[in-house]
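Across the two complexes that follow, subunit A remains constant while its partner is subunit B and subsequently subunit C.
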Partner chain A sequence: MILITILEFLLIAIFAMALGLLFMGIARKVVARTQKRIGPPFYQPYLDVLKLFGKDAITHGFIFDFGAIMAFGGMIATLFFVPIGGIYLYSMSGTLLLVIYLMAIAYLGMAMATVGSGNPLASVGISRALTQMLGYEMPFIVVLLTLIYSSGTSSIVGIMQAQQGGLMNWNLVNVPLGTVVAFIALLGLMGKKPFDAPIAPSEIASGPVVEHGGKYLGLIMLQHSVSIVVKTALFVNLFFGGASNILFFLLKMLIVWLLATLIGSVFPRFKVEEGVLFYWKWPLIGALIQAVIIIF
Partner chain B sequence: MSLSQMIIIPIILSIFTYLITKKIKSAGPIINIILSGYILYTIVNIYGKWDILSQSLNINIMGNNFNFILNNSPLAWLLGIMTVGSVFLISIFSVSSQKNVKYTASFSFLFSILMGSILGVVFAGDLMTLFIFWELMTWSSFFLISSGKKEGAKKASYRYLILSTIGAYLMVTSIFIIFNQINTLEFTEVANYLQSIPTLNSIILIVMMGIPFLIKAGVFPLHIWVNGAHSNAPKEFSPFLSGLMLKIGTYGLMLLLYLVPLYNILDSSIKFRGLPVFNYILALFGGITIITGTILAIRQEDVKKLIAFSSISQMGYIVMALAITTPLGFAGGLLHLMNHMIFKTTIFLTMAAVIYRTNTTKMSEMGGLIFRMPVTFAAYLTAIIALAGIPPTNGFISKWVIYQALIQKGYIFLSVAAFFGSIGSFMYVFKPLSTVFLGQLKPIHRDIKEVPILMQIPMYILMALMVLFGVLPGIQMNIINQIAQYLNIETVQSTLYTITGAYGAWNSLIIFNVFVGGFLIALIIFVFAKKSKLVGLMDTYTSGEYMDDPEAYHYAYKYYRPFDRIFDSFAAKSLTRAYDTFAQNITKLGNLFNKGIVTGNGQTYAFYMILLIVILAFAGWMI
Partner chain C sequence: MKEKYKSSKWQEVINWAQKRSLFMLHYCTGCGAIELPPTMTSRYDMSRFGIGPAATPRQADILLITGYLSTKTLKRVVYTYEQMQDPKFVMGFGSCTINGGMYWDSYNTIKQLDKYLPVDLYIAGCMPRPEAILEGFLDLKQKIEAGEAEGYKKYKEEYEYYKTNQEKVLGEVKRRQ
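Moving on to the complex of A and B:
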């Protein structure tokens, strides 16, 4: 029994990593095509990860190691609560708020590792990332609360099931303004342009990952791949009605991911406080209007 | 040990503590450890003996019969054990940390009185007893705050005293109005009386009684004493001030909201989404407190001020949750009350440890202490994970319950405030983590060692409590449900590791499993990969610059400058300054009054005296 559970844990984790890396490869290709380049093959991220784990690496002390493990572990723990197609390990009935906060473990681990490296560029990146988080989370969470209130449950599976029965039941149609707001928040959540001030390669040398190399960068890439899966899957579950068929589900995830990538590939970057103020302006107002419409 | 002995013995013994500590410096904290340890043991033993231990003392003053009552209820028991527990832990901490402090004797003396008086407040069964011990508490804490080493201690404690005095006047007035009417001050009688008179009158009385509690709880706009008092108090007293004293204010609020069922009184008044507007406004004040505290906490450069503002913001959660008077709100508020005490005490203690070693509270003057003080770092890390509300620690559970309570009724604006505080807390708790413990070590701090073992013990205990209550919230829910039953509120369904909310249930066992699972997978990948080489913190990517000064290479000052820029104009409008202007105007008015009347001429004063006698005679004749 325990063995089966462990096996399930491992299989889901490996599947998500593979899927996330595939998405990253597709994104690189798509971005290249929008910029009239040919771009690397779609399997390039797999090669990158394999190469990184084979290289020598340097560490800056135990907090650097611990943070990297915490970041990756926290993201995998989040993954187990997000249903992917028909597959989910745990569907506790209070998962939605939990998932948002579980992701914070990964952020905290990442932040500790990078600041623990002693490089001020990393600290600047983290300070920007946390600031921006306060920006995008506000409208996002208002939308989530609206969804919880209208669906009468705070479980992700429950919200998914409440949307069954065709396109007209999807939250995309029922909560249109909220969907748009959540999508804008998703761009910030995934660090896509125009909200990529925290990693800004040309200003702060990729910020948080400036000191990471070898297996540490490999872990960060894996963590990033899992986080892509978690976030797109969450979005599909909440607004696109989820799917019981895994293929349909992956297709919907790919659509969300491509949309985010395409938008990200054409925009310049917001300054961090501009980004925050932007989120507190139109998206927050939109989210509040949506909430008032649904609740009152 | 009876209830009255528990209160009186610390107060009387404190004088001997003072005299002994004057001679032997380390005796004071040790006496306090023994005393609080024994009282802790007693309180644990009176668990479950509700209402049967009550004591009363009848005193006849000028024809009025005052009945002083002490009673053991579940709520009183909870706050009692929290008080004595934190006195116990802080006393253990003080044994080592107060070796070089000037005022050890008076600290132990006042701390002992304070413990007795807080026990008096929570076990009080009538308003008069509550008031007497309330004042004793205010005065002893006033002297404790003013004994702080820093420059601002005097001013901060003075501000605290002024606000407390205003509160005390209001409270004593309302007490005598009630006493005049019903000749008794027992809680249940008072509650019945307040329900029998017209709504407006009872609201006025309740507001008068509530303001001192709101002042102690540090709710906006009465929070101005909190940050000065917390940051200037002696480093061993700040944990107690934040962890416990603020909660005594919410204890008073609970008495007003639940024991005097404010909800019944206001049942016929205007409502917003099923909640009387009065309650909603109180909850809204809680929300404003959260937002103000968060924004100001992010700006601070002084670590104790930062934590003080964070306390203000966390108290907002408790007030908000209690004000919405649903079973979930009550449970969430009480859970957060306990959890906040645990993690805030830890944070202040770890900071006291850092200050003990570095002798500074400025964050930009520290850095890289993690390799020197690993235990302190571990305790701080656990505490901030709890404060930021990240599973699997206790802080998340209480916030989760509060969110459930907010969503259940669809209070969207209150939820926005709550989430703002929660995500903002990531920012302000990460600032000390990053600037004090991580980053570059200052050359002057190269020889720092971990704090002595006696200062580490309280940290270990508190860390264990945070994880324990994070995995088994049922322990806390058990006592909360008893309190709810005692106060005639519906209980929230719970088992040892599950809590049922409005929209879904909480199961901490699953979360703990998953967390361990995720962590193990990451660990396996990490361990099986190639071993890495350890290099120093200065050996980093610097875009080709040559760096040799760790002090200049540490990013700490104005950590969130882009964010602060958004709120610069907001922070410039200081509420404290507004109050100061008000006070200046009053002084001006008084001077104007002085000019005409205080002439310095003896004959004028003689005239005033005659005038007074005439007025009194006239008044006596009229009555």
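Moving on to the complex of A and C:
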């Protein structure tokens, strides 16, 4: 019985990694097409990860190793609380808040690896990431509290089930302003283009991952792929009504991901303080208006 | 032990992936740097072959020496090269890296890159056009698949030779290890 459970966890983790890498490949292709390039084949991220795990790697001490593992493990742990299609492991109330807390663990792991490596560019990157987190979490949390109020439950599965029965029950239709706000917050969550100051390759040389080479970079790529799956799946569950069929669910995830990629491929980058200011201005006002509309 | 590891099936798989995914670090010393943006962007699009830019030496596979190297920059190039993770490859751009090119009697540039770093591939020209650069990358891919691009092993084996040459130019270099 325990073996089956462990197998389930493993399968979900591997599935999410493979799916995330596929999404990354699709995004690279889409970005290339918007720039009138042909772009790499869609399976390029798989090759990248395989190559990176075949390379040598240099460690900067125990804290560095621990941080890399913590970032990866934190993301995998978050994955287990997010239902994907009809597949979910936990349905108790409170999972939504738990997921928000767990997502921060990946960033804290990155911060730890940064401290271990001692590279100043990495510290700049991770401090930008944590500052920006302060920005996007505020409107995002307001929208989530609105959702919890309107559906009467704080379980992700519960919110998903409250939207059953066609398009008119989706939160996309019922909470339209909140959906837009949450989507803008999602761009920040995933580090997409207008809000990618933390990893800005041209200014701070890819930020927190400056010192990650070889196998460490492979681990970070896998972590990033899982984080894509977690965040798009969360968004689909909350606003697009989830799905009981895995294929429909993947289709919805792909739509959200493509939308984020297309928006990311045409915008330049906010400075970090501008990004935070932006989040605290328009999305927060939108979220508050939505909350007032829903409550009264 | 090493020979056994080299010929194993796993190494073949790694070589196969390595050849299709190359992160390059362009160390823009000379005029060759200006040829890389058109090679990367929509006109010539090198990402078709899985070649893309890397931000730092740690993440990179290929070190591009794009043109002449002054003795001051040679020191930085050596540091950069030693920070990269195995397997790593060096490509020399243009005639400046082959025999000094138009700087052959200059007092503050090096003439032959091969003496200081193990170069896997040269691209001739002054400067090579993007077509030539792409051709060079395809040649490098073939070399990697055949297992011939082993400059990084040569650097380890003949470290004394390279170090003597480097110190002849730079004076004694203090390394922290």
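We take it that the second predicted complex is superposed on the first by the 296 of 296 C-alpha atoms of A that agree within 3 Å, B and C clash if a C-alpha of one lies under 4 Å from a C-alpha of the other, contacts with A are read in each partner's own complex, and residues count from 1 in each chain.
Convention: a contact is a pair of C-beta atoms (placed from the backbone, for glycine too) under 8 Å apart; a residue touches a chain by one contact, two chains touch by 3 or more.
Remember, predicted model here, so these are calculated numbers, not experimental data.
**Student:** Which of the two partners, first being subunit B and second being subunit C, lies in contact with A:R37: first, second, both, or neither?
**Tutor:** A:R37 sits against subunit C, while subunit B stays out of touch.
**Student:** What's your read, subunit B or subunit C touching more residues of subunit A?
**Tutor:** After superposing on chain A, more of subunit A is contacted by B.
**Student:** Now for A:P120: first (subunit B), second (subunit C), both, or neither, which partner does it touch?
**Tutor:** In the superposition, A:P120 contacts subunit B only.
**Student:** Is A:P201 touching the first partner subunit B, the second partner subunit C, both, or neither of them?
**Tutor:** Second partner only.
**Student:** So, A:V292: does it touch subunit B (first), subunit C (second), both, or neither?
**Tutor:** Touch partner of A:V292: subunit B, not subunit C.
**Student:** Go through the superposed model and pick first if A:A57 touches only subunit B, second if only subunit C, both, or neither.
**Tutor:** Both partners.
**Student:** Now for A:L21: first (subunit B), second (subunit C), both, or neither, which partner does it touch?
**Tutor:** neither
**Student:** Please work out whether A:Y101 is in contact with subunit B alone, subunit C alone, both, or neither, and reply first, second, both or neither.
**Tutor:** It touches subunit B, and subunit C stays clear.
**Student:** Quick one: classify A:V276 as touching subunit B (first), subunit C (second), both or neither.
**Tutor:** After superposing on A, A:V276 lies in contact with subunit B but is clear of subunit C.
**Student:** Tell me the contact category for A:V209 with respect to subunit B and subunit C: first, second, both or neither.
**Tutor:** A:V209 sits against subunit C, while subunit B stays out of touch.
**Student:** Which residues form the common part of the subunit A surface touched by subunit B and by subunit C?
**Tutor:** Overlap of subunit B and subunit C footprints on subunit A: residues 54-58, 205, 210-211, 214.
**Student:** Show which residues of subunit C lie in contact with subunit A when the two form their complex.
**Tutor:** 13-14, 17-18, 20-21, 41-42, 45, 47-48, 50, 52-53, 55-59, 61, 84-87
**Student:** Can you check the complex and tell me which residues of subunit B touch subunit A?
**Tutor:** By the definition above, subunit B touches subunit A via 368, 370-371, 381, 385, 388-391, 396, 400, 403-404, 407, 410, 412, 415-416, 419-420, 423-424, 426-427, 430, 433-434, 438-440, 501, 503-507, 510-511, 514-515, 517-523, 525-526, 529-530, 532-543, 553-555, 559-560, 562-563, 565-566.
**Student:** Give every residue of subunit A touching subunit B within the complex, in rising order.
**Tutor:** Going through subunit A, the ones touching subunit B are 6, 9-10, 13, 53-61, 63, 65, 68-81, 89-90, 92-95, 97-98, 101-102, 104-105, 107-108, 111-112, 115-121, 123-124, 126-128, 130-131, 133-134, 137-138, 141-142, 145-146, 148-149, 152-155, 158, 205, 210-211, 214-216, 218-219, 222, 271-273, 276-277, 288, 291-292, 295.
**Student:** Touching residues of subunit A toward subunit C in the complex: what are they?
**Tutor:** Going by the criterion above, the answer is residues 28, 32, 35-41, 44, 47-48, 50-51, 54-58, 201, 205-206, 209-214, 217.
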